[in-house]
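As structure tokens, here come the structures.
Shared between the two complexes below is chain A, which has chain B as its partner in the first and chain C in the second.
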Partner chain A sequence: MNIQDNYLKNKKNIFFSDNKDIQTHRDKLINIFENDRFDKKNNESLKNINLKNFIDFKYKYLIPEETSVINNNQENSYSIVSVNGQCSSFKDDKIEITKILDEDYNDFSKNDTIENNDHFVNLNSLFLNSGFKIVIKKNNNIKIKISNIITDDNLTIFQKNNYICEEGSSLNLIEEYENKNNSTSNILNVIKLEKNSQLNHFLIQDNSPNHNLIITTHSSCKKDSTYTQKVYNFSEGYVRNFHYSELIEVNSEADLQGIFFLKDNNTSNNKTFVKHLAEDCKSNQVYKGILNDRSKATYFSNTHVDQVAQKTEGYQLSKGILLSENASYFSKPELKIYADDVKCSHGSTIGPIDENAIFYLRSRGMSKIAATKILISSFINEELSSIDNEQMSEIIQKKLVRYLSKVK
Partner chain B sequence: MFLEIKDLSVKIENKNILKSLNLNINKGEVHAIMGPNGSGKSTLANVLAGKEDYEILNGKINFKDNDLFDLNIEERAQEGMFLAFQYPVEIPGVNITPFLHSAINSKRKRMNEEEIDNLSFAKLLKSKASDLGINIDMLKRSVNTGFSGGEKKRYEILQMSILNPDLAILDETDSGLDIDALKIVTDGVNKLKTKDNSFLIITHYQKLLDYIKPDYVHVMVNGSIVKSGGSEIAAEIEKDGFQKFQ
Partner chain C sequence: MNSETLNTLDSYSKNKYKYGFVTDIDEEKPKKGLNEDIIKFISLKKNEPEWMLEWRLKAFSKWKKMKEPKWANLSFPEIDYQDIYYYSAPKGFEKKPKDLSEVDPKLIETYNKLGIPLEEQKVLAGVAVDVVFDSVSVATTYKSELEKLGIIFSSIGEAIQKHPDLIKKYLGSVIPAGDHSFSALNSAVFTDGSFVYIPEGVKCPMELSTYFRINAENTGQFERTLIIADKGSYVSYLEGCTAPKRDDNQLHAANVELIALEDAEIKYSTVQNWYPGDEEGKGGIYNFVTKRGLCAGKNSKISWTQVETGSAITWKYPSCILKGDNSIGEFYSVAITNNFQQADTGTKMTHIGKNTKSKIISKGISLGRSQNTYRGEVSFLRKAEKARNYTQCDSLLVGNQCGAHTVPYIDSKNNTAVIEHEASTSKINEDQLYYCRQRGLSHEEAVSLIVNGFCKQVLQELPMEFAVEAQKLVSISLEGSVG
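Now for the complex of A and B:
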């Protein structure tokens, strides 16, 4: 079934289908899909993707029951089980959780900063069927853990979440994606950091081979705020991590990091994009990948410095280890600088594991496989040792051990 | 015979480096090899340790009743061979202590000895380090990463004294060491020396051989051993250089 048919058939179930403006917006999107025909050559969002999975998707439309559970287990600490992209409402004096509202969606569709030719974001806008909004109230310091669960095979979730960190607030957000069924999640997170707020966002991705995850984040930072994102992709299924940040007021920071572990025939597409729109802001974009067997990855990083954004500091790095001759990792850093007083740099090193280091370790009696494993662990040592949450560090270690056990 | 190298010829990237080289080392002996730059000394050391970049054109090597070419790199180490590298490799992110611990245990496993536990290993490491004048803080660092030239050499000897090899090959361990460090390091070697283990010492300087007394000195030129004898050869080289051997 094609996109248009899918859309017409399910129209009445899609969020906000009564809203006129949104209707117009969606008609435009449908047009784009009809005319563009998914031109792979000129669209970064389509490179190296097996489109079949996404265009001919078995679209099973289901407005999920609100079965999510919210627990306020300790003071300032919440755990949420989000089922099929939904989350029940919850409110106390520190946070507020609601289903996404009409106004949020309008807010988003007017937002032209997210690249408007990203087909997967467009699909998300078109078929939106789930999502929620979380507000962290002023000056609170909160921890949230969200486990994302999908209940059915052949289900396609189009989810949009809005996060708002109010002035002076601080949020530590851990999201787990561990889906075992044959389904697809297309998730868009829109994150707003108000003055002097902070968000540490961890995404742990560990889906089985038949689950596709497309996750896109768009964060914007006001004065003195910091957004830090760390992606750990252990998935055996396809994952697309596209994350955009805008530094819209002075002295704000965006730090977008990721590590991915690929094997078999798996693919992962990654992109980070930071737009500096104010003075004295800092950004960091670092992705590291380990690729085995016939796996493939791409990583596009992008720093855009507006002409008003003096004293910008921007750093981009991509590193990869290819454990097999048949694995491939394509990485392309880009810098567009329109201001004159900036410090920006980028680097990229991708290659097989260091043979001299292997020889050195083996010459001390370590087996080849043990030497390989120790070098893989050391490659991401910095990322692992900087996890200051003990429970999370354990989770990541376990997944790493599982990945390494398959390395021959 | 403990180590027997017979008629060894080795090439790398279409260049013949070792040419019909012969060398025999018995248990308990100390041999020194001297030779000009590029004569193939490190190549010999690497081939013994099992580095895979080389093409063995001809020859046989026996080590403790094994055909050395039947053993891979780690098996050679576990059988008691140790190479102190001329240029130790920096390995960021790999911590010295667990690495050495796992190295010693893989050797013990092969020898059917009991593995050494964390606590005993930490004690062993500490005491050996202090013998070699190595700061305890250094043991918390990554392998060779950011070490000075001299620190790297000391650290090679620390590994050697922990692993207690039957055959230790020291490739220019003396270069880069100041005079006090040279004394400490050679003391370490002498302490380790018994009637059951052997040393192959590659050096450019007679000075080292004042501290570690060799039983034999060999002159290597252009991939072959052209002369063997006692320590008097080292004195000759110190005086006249390699000219007359070429």
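Now for the complex of A and C:
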């Protein structure tokens, strides 16, 4: 079924279909899809994707019977179970959780500065059927853990979450995506960091082979704020991690990191994009990938420095290890610089595990497999050892061990 | 930024194009526009055999169906292909002169102004020059000496007449006519260019060199160069260009094909200094060049070196297809853009054979309001075992109205291949400037020294004959402060 028919048929189940402004916006999007079919040849970001899953999908969404649970066990610490992308409302003096509203949607659709040519974000806007908004109130230091659960097979979740960190607040956000059913989640996180706020965002992705996860983040940072994102992708199903950051006021910082572990026929598409729009900002984009069997991955990184963004520091690093002769990795680290007083660089490497290192370990009596495993672990050790949350570090270690057990 | 720096920047942008003059020679040209008739006219004028005309018409029919490639980070008004002359040759040159004394003295004078006096060059450094003035090869020197070794160095038109077997076999084998719209256009209407064949085991004793020069207003130049290095041979080829000053934009779409067979080596060096347009960005050459080398045999090597300082628009990606095992591809580039110039240049290294190696060193310098983009692709195909690539691309920004961009594409499909890429972008280091000033250099000299040092890695790859001129060009491009 094509996108337009799909939309018209299910219109009544989609959020805000009675809002006129949103309706006009969606008509425009449908037009875009009609005119610009998913053109793989001229759009690198669609490389390796099995598009059929996303164009000819069957729309299905169930409002969950069980409501989500919000626990406030310890002080300043919350755990949330979001079911089919829904979350019930909650309010105390530190945080506020609500369903997303018309105005949140409108707010976003007017935002032209962020890349508007992303088909998957457009799909999300078109079929929006779930999502929530979390506000962290001024000067609070909060921890939140969100587990995303999907109840049935063949669901298509189009979810939009808004996070707002008010002035001086600090949020430690852990999101878990561990789904075993054949569903497709298309999630858009819109994050606003007010003055002097901080967000540490961890995404742990570990889905079964038939689960497709498309996750996009748009974050914008005001004065003295810092956004740090760490993605750990252990999924056996398709994952698309596209993360955009805008540094809109002075002295803000964005740090986008990711590690992905691929095997079998799996593919993953990754992109990070930092736009420097103010002076004295810093950014860092680091992705590392390990590819086994017939897996394929792409990573696009992009640093855009506006003419006014003097004294910018922007760094990119992309590293890939190919463990098998059938794996492939495509990377495109891009710099677009319009200001002169900047320090920007990128580095990119792709290759096998260093044979000399293997030889060294084997000469000390280690088997080839053991040596390989040790070297893979050391390849990502820097990222793992920087996790300061013990519980999380443990979870990730376990997943790593599971991945390594399949390496031959 | 202090006032001195601002003054320096100001003087950069006031730099005038030194080589802006026009030679008055009667020109014979047909009507403007691109159609089958003009292609037949070109073919007839060049006295070409039937199969060549067919080849051209085939390319033209492909071109009609194609659109210009859009990937480059360039903006320019749409090219009106019907508003261009596709053939212009100075009168009286249809019969080729036998030596320099038969050449129009005005032409010789033009080259004298450029600092490349043919007479002197003939005696001097052992450089054989095949001059392309507009579209017809005017003078070919040193031919007899090369002939003794069995080396063929002639215009492509002559080669089509005399060596149809080689042309049939290799023309379009590296850049197929239908590759993209500029290659199709070139294939349809190319008028002249050079042809080089180095026989088996011969090391060409001198640097072969051609000077291209656009002279007639509104004349797109469409050269076609084909270099074949047979087994175990070596050749170093120099290409340099300067163009007189014009107000209208001129189109230039050359195709260069290199083929290196087993154990052969080709070194191709370019200094490009077409007219870049004035301070307001008016005029200048549109330079859409396709250069591609095929390392067909084992242990072959192709090395591209380019210094790009001219053209309003540069669209150029000299690339290597590393097909033979153990073959090597190299790319060294300096691209300087000033005023309103736009450059989108880089390379493409396609690793097909085992143990293939490639190295890319690219230096971009942006000044004024220019945009300078490095765009390069390195790909390892499935069978490229133990292939290796190293890429370094650095950009230097001078002034805060220009842009420097780096767009590498890295694709690996082989798990034994190793690829390394690094890039940096920065402005001229204040500490270095300070250090130089402290030792008594003026600001201009200091900038010159630092920029030259920045480019040195590439400039040192140029053959002696070119190195001096290239350094001059770098200095001229930064004129007012440097040199």
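Convention: the second predicted complex is superposed on the first by the 402 of 408 C-alpha atoms of A that agree within 3 Å, B and C clash if a C-alpha of one lies under 4 Å from a C-alpha of the other, contacts with A are read in each partner's own complex, and residues count from 1 in each chain.
The rule is short, and it goes like this: a contact is a pair of C-beta atoms (placed from the backbone, for glycine too) under 8 Å apart; a residue touches a chain by one contact, two chains touch by 3 or more.
None of these values were measured; they are calculated from a predicted model.
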item: Clash-or-fit label for the pair chain B, chain C on chain A; value: fit
item: Contacts of A:357 with chain B and chain C, given as first, second, both or neither; value: first
item: Contacts of A:323 with chain B and chain C, given as first, second, both or neither; value: second
item: Touching partner for A:368 - first (chain B), second (chain C), both, neither; value: first
item: Superposed arrangement, angle subtended at the Cα centre of chain A by chain B and chain C, nearest 10 degrees; value: 70
item: Which superposed partner A:182 touches (first chain B, second chain C, both, neither); value: neither
item: Between chain B and chain C, more extensive residue contact with chain A; value: C
item: First, second, both or neither for A:76, with chain B first and chain C second; value: neither
item: Smallest separation in angstrom, by C-alpha atoms, between chain B and chain C in the superposition; value: 11
item: Common interface residues of chain A - those touching chain B in one complex and chain C in the other; value: none
item: In the complex with chain A, residue positions of chain C that touch it; value: 382, 395, 397-427
item: Complex contact set, residues of chain A against chain B; value: 354, 356-357, 359-368, 370, 374-375, 377-379, 381-382
item: Of all residues in chain A, those that touch chain C in their complex; value: 307, 310, 320, 322-325, 327-352
item: Chain B residues within the chain A interface of the complex; value: 49-52, 72-74, 76-78, 82-83, 85, 88-89, 91-94, 99-100, 102-104, 106-107, 110, 142-143, 159, 163
